[in-house]
Structures are given as C-alpha cells and as structure tokens.
Amino acid sequence: MNTTLTAVEGERPCDTMGADPSVAIRVVGLKKSFGDVAVLHGISFDLPRGQVLSIIGASGSGKSTLLRCLNYLERPSAGAIWIAGHQLTFDANGEGARHSLSAAQIARVRAEVGMVFQQFNLWPHMTVVQNVMEALIQVRKLNSKEARNRAEHYLAKVNMLDAAARYPARLSGGQQQRVAIARALAMEPQIMLFDEATSSLDPELTAEVLAVMRLLARDGTTMVVVTHEMAFAREVSDRVMFLHDGLIEEDGVPSVVFSNPGSNRCRQFLSKFLG
Amino acid sequence: MEFWTRTIIDNSGPLLDGFRITVSVSIIAFVVAAAAGLIISLARIYAPPLRPLLSAYIAFCRNTPIFVQLLWVAYAWYDIFTWPKDVFTAAWVALALQSSGYLAETFHAGFDSVPHGQVEAAEALGMSRFTALRRIVAPQMLLTMAPAFMNQFIVIVKCSTLVSVIAVPDLMFQAIRLTNIWGEPVPILTFVAIIFIIMIMSLSALSKSLTDRLRLRMAR
Amino acid sequence: MFDLSLFWEYRAILLQGMLINLLIFALSSTLGLTIGLIACVGRLSSFAPLRAASAGYIEIGRSIPEFVLLIWINNVLPFALSTMLGERIHFSPILSATLALGVVASGYFAETFRAGIQAVPRGHLEAARALGMRTPRILGRIVLPQAIRLMLPELMSQNIGLLKTTTLVSVIAVPDIMYQVGIIGQQEMKPLPLYTGTAFAFFLVILALTTLVHHTHGHLRRS
C-alpha cells in the first residue's frame, strides 16, 4: 500500500520502498529540532521486516525522539521516513515540517505501527478489556463482539485475561504495561515500537514485561525497542544502534556492539552497565 | 405530637408547593450555572484577550456574599437592564451567578486533569484527535468533576432558602407565611427544618458515595 | 445611572452597619470555634456514644441551611423554651444570629480540626513513641503544632465564608449593613446605587481577605 506524495526537493525520490516489501522501516536524513535545540542531526537506516532493533544511548541522545518520529508523534524537521508501506516526507530545509499527509492519512499509518509508552497510558475510566477493545472499534471498525474476541485473545497472549474486567488503577505497573502491549498488539500492526517500556517499573516487574517482549520477538514481530535493559538488547535483538547527540555512532549485531564497539563513547557507555 | 401531625397535614398543600419551587429554582440555577461555567472556562482557553475580564467575573461571583448578590439582582438589575421582571427569575439568576464562578474553576481543573499521554496513546493507535477527545478525555473529565458539581448543587439548595426574602414562594416562604397566619411556629418551622436537613444529608451521602467510587476507579 | 454618590452620602450609617456584621462575625466565630473544638474532641474520642453524638451534631450542623436555622432559633426556640420553662424567654436578634451562625460554623470547623489532626503523618507519632515520649507530650509538641499549621488556611477560608454569611442577619432585624441598605433604599427610592455599591464593597473586602489568606498559605507551606 503506497500513498503517493510529493517528493521533497533536493532529495532523490526513493520509491524503492514500494518495490521492496522486505524493508519495514527506511529512514533517510531524519532531523528534528525543538525550537532552537537540534536533537536529531541526521539519522539514516533501513530495518528489514521481522527484525528486532534496539536503540541504546544516554539520556538526551535522541532515542525517544527518533522513535516518536516514526509514528509522527513528533514532527520531523527534515528527512524522509517510509514505514509499514507508507511514506512520510518533509521539507528539506527544516522550516517546521510542512508534511504532506492529512490527519486521516497519519491515523492510517499509526494503525499499522503499535507503540508502547513508558507511562503505560492506559485509560483509567475503562476496564482492561475495554482499553484493548476501544481502538478496534473506533479505528478497525470491528463490531463489539469481534472486538471483544480479539481483545481477549491478545490479553491471553500477555497473560492478563483474568484481569479483563478490572480497572487499570487496581493493577501493578507490570500488569498495566502488559495490558498496554496487548492493546497495541490487538491492532495487529506491522511494526511495534517500545519507548523505554520498562523504565517506570520496579525491577521485579520488569521481567514479566521483558518476557512478553521476548515472546513477540520470537514470533517474528518487527520491533524497535528504545531501552536501558542491556541484557535484553544483547540477547533478543538482531541489531543494536548506539545513539549519541542525535547521530548513530554504532550500528551492528549485538555480539559486535556489546563486546567490541568501534566507538569509544559506546564503549564508555556500555562499561557503566556491564561492569 | 398529634397536634403537630395535624398542623402539618392541614398545611401540606402550600408546603408541597413551596417544596416544588425550592427544587425547581435550584435545578434551573444549577443548569444555568453549569452552562455559564463551561462557556467561561472555554473562553478562558480559546479567547486569551478576554481572560482578565473573565477572571474578574469569577472573582466577583465567588467573593460577593450570595445574599448581597440576590438583593442586587432582585432590586437593582431591573433599573439597569429592565430585567429580570419577576422574582423567580431574579432568584435563579442570582444563584446561578454565584455558582458560575465556582463551576468555571471546576471545568478549568477538569480540563487539566487528563494527562496528555492518554491522548497520545489514543492517537498512536490511529484514533483521530476528535475521537480521543470524545472517548478518552470527556468521560474522564465528567467523572473527575462530578463530586464538585454535586457539592455545588448542595450549596445552591442551601442558598435557595434565601429567596424567600425576595418573596419567592419557596418552602421557607411558605413556612414563614403559614407561621404568621396560624401563629404556631414550632411544628411548621421545625418540620421544614427537618425536611431541609434530610434533603441535604441525602445529597451529601450521594456525593460521598460518588467520590468514593471514583477514587476506587480512577486512582492513579 | 451608576450614581454611587448616594452610597457615599450614607457612608457613616453603612459603616455602622458593617461594624455590626463584624460584631456578629466575631461572636459567631468564637462560638463556632469553641463548639467545633469540643465536637472534634468528641468525634475523636474512644467512647463510642460520645463519638456518635458528636458525629451526628457535626453532620446536622453542616446540613442545615444557615437561613433555616436562623429563622428557627429566632422564632421557635424562645417559644419552645418559654413553654417548657414557664417563663417568657426572648432572644435578642443578635443572640439568635450568633447562635445560628455559630452552630453551623462549628460543624465546618470541627471537620477542619479533625482533618488537620488526622493529616499529621502517623510516622511522626510513632517516631516520638519510639523515642520514649508519652502521649500528652506527643500531642502537645508534635501533633498540635503541625496540625495547626495544616488547618490554618482552611480555617481562614471558612471564616471568610462566615463573614459573608453575616449578611443574612438583616432578615431578623439585626441592624447590619444590609438592613441599613434596605431602609435607605426605601427612603430614597433608589435601590440601584446602594445595592451595587454594597456588592462591590463586599467584593473588594472579601477579595482582599482571600488574597491575604492565599499569601499566608504560601508562607505556611514553605516554612
């Protein structure tokens, strides 16, 4: 599925996306500034379908910003993104993103890209199962019965089916996050984004969420995971990217990045975690 | 005791009429105050140049005693606006004036009460902003504001007793009138006092149970 | 139309009326605080009947509209007492006003006292106990100072509310400011400037007091 959009002046029109279904995400020259502060200085990478990419780096390196650009929660200042078969294009000169997508088109992209937030963001006035069903009804236009069946299926997958009728306020952090994952999964998106999904959790609760994420990875889900959990990154990812100051400093397979990174900064960063 | 019961039953007609007036003036005042409060708080967000004026209005409504406002509306407004033309209208206008300030502040707090992350989660799932506002923000806002609304209604009911002073035939007016006619203050006034106590206590109990249920559901 | 000169002309009488409001305020506030304190102590006591009675009193105090209680105390209580005691009992309007406003205020004050005391973190009490301090000393040195600091803002707000409520008393012929405004209004046949002036005068006074309370609240919070 391709939405035809105006090609950005000065950039080579890339339509390889349309022709190459094996690439889930393509990012070219992505830049993002908040007012005067430049956070991303030019990010480019391809992510093949079915792969798990972990993004690591210090606070302020731009990891979350990069992730949030992928589903347009942040408007990139410049560069191009192709994601889940859609093209997000912006002005090259960075004068605030004059995007060419309508709100409806953006919504359609987001329906294919699931996101799990650090703060879970479950809706407290709805029960667990209602949380999972809501987008299925409003966005996927399922009827109530279909939505419930699908919701229960995914709640079972994250082991939260028993809590279906409970309210989020009564759940632990780990339980809430698992529900949030089910909520995103139930949309059956092509790609799953995780924005420091375990950073708000107590250590004992982190494991149950990581277990679910491992499960998804094993099932072949395309995932981009911003994380501080180095063990997870090393064991589960197919690829690790180290971000520093809005640029990719290290990009490769875990075995290389973790034991023998080329970048000194990366080495220093990792030494804090892996002793 | 028998004397009391007889007195009250004999006068139950006017007392019931009075009760009806009390209820209707309270409900009308509450609805108008809520509508005014909503408009004011929306205006404060979307019409920045009006903000100082609206803040002054809210301050005036909240800081001026209700009795003063009542007499002002009833006796002075007609000279300025040639309205209100009857005391019943003056009554609910004054009551609504007083509460509109509080309710504007309530709406303001309600708007702020829903964390933006929840809207982001909704949009990340592909919902439009309008759908997110409708399904996620508005319901929570209403739930959060319900206790404050309930309490303000209780305040209005208590203040509605004052309108008897401007000759609105509410329950207090009838009670005082009947006392003056029959010269038996004890049964009638005591009965009416008890009715008010029961009314307010019931509303308060309702409000408390609402607040408790909310805290259970929405505790963050 | 907005000729407030009438308001200015009668300022002496109106000021006298305002003083009556302040008098009623002072009297009923004192009464309310006293009864409220007693009710609060009763409410927190371990003696169940006392606790129930106090809770009942507080609940009724908070549920009854001031105006209703005012009329009842002014018209029913002296009558009932006269019948019971066989003597002619008469309440002066100021007495009725003080009682009515004081009783209602006591209900609100009692709850504020209770909230203040219960808001002192348990941990402070336990730490004091663990250090070997005994209950009365704990109450006096640890609980009370903190409780007072916690309850002061609310008490001040409630007192401002009480001041606003004193405007009611004109209905039982207490010569307060509203009473005077009523008389002058009838004499002069010009209610508009008087009522408008009074409304704005009250607005400014209460606003000033409320702002003062907010500032003190800020100070208390910071210290």
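Read from first to last, the chains carry the letters A, B and C; within each, the first residue is number 1.
Just so it is clear, contacts are C-beta pairs under 8 Å (C-beta built on N, C-alpha and C of every residue); 3 or more make two chains touch, one makes a residue touch a chain.
Just so we're clear, the structure is a prediction, and the values are computed from it rather than from any experiment.
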Exercise for the section: Would you indicate which pair of chains has the most C-beta pairs in contact? Expected result: B-C
Completion exercise
If chain centres are mean C-alpha positions, then the most distant from chain B is chain A
Problem - Centre-most chain, if every chain is reduced to its averaged C-alpha atoms - result: B
Handout entry: Averaged-CA centre spacing for the pair chain C and chain A, given as whole angstrom
Key = 58
Fill in the blank from the handout: Between chain A and chain B, the Cα-mean centres are separated in Å by 48
Practice task
Return the distance between the CA-based centres of chain B and chain C, expressed in whole Å.
Solution key: 22
Handout entry: Residues of chain B touching chain C in the complex
Key = 59-60, 63-69, 71-72, 75-76, 79-80, 157-159, 161-162, 164-165, 172, 175-176, 179, 185-186, 189-190, 192-193, 196-197, 200-201, 204
Completion exercise
The residues of chain C that touch chain B in their complex are 1, 59-60, 62-69, 71-72, 75-76, 79-80, 164-165, 167-168, 171, 178, 181-182, 185, 191-192, 194-196, 198-199, 202-203, 206-207, 210
Problem - Residues of chain A defined as touching chain B within the complex - result: 71, 73, 103-104, 107-108, 110-111, 113-115, 117, 119, 121-125, 134-135, 138-139, 167, 169, 180, 183-184, 187
Handout entry: Interface residues, chain B side, partner chain A - complex
Key = 115, 117-118, 120-129, 131, 135-136, 139-140, 143, 216-220
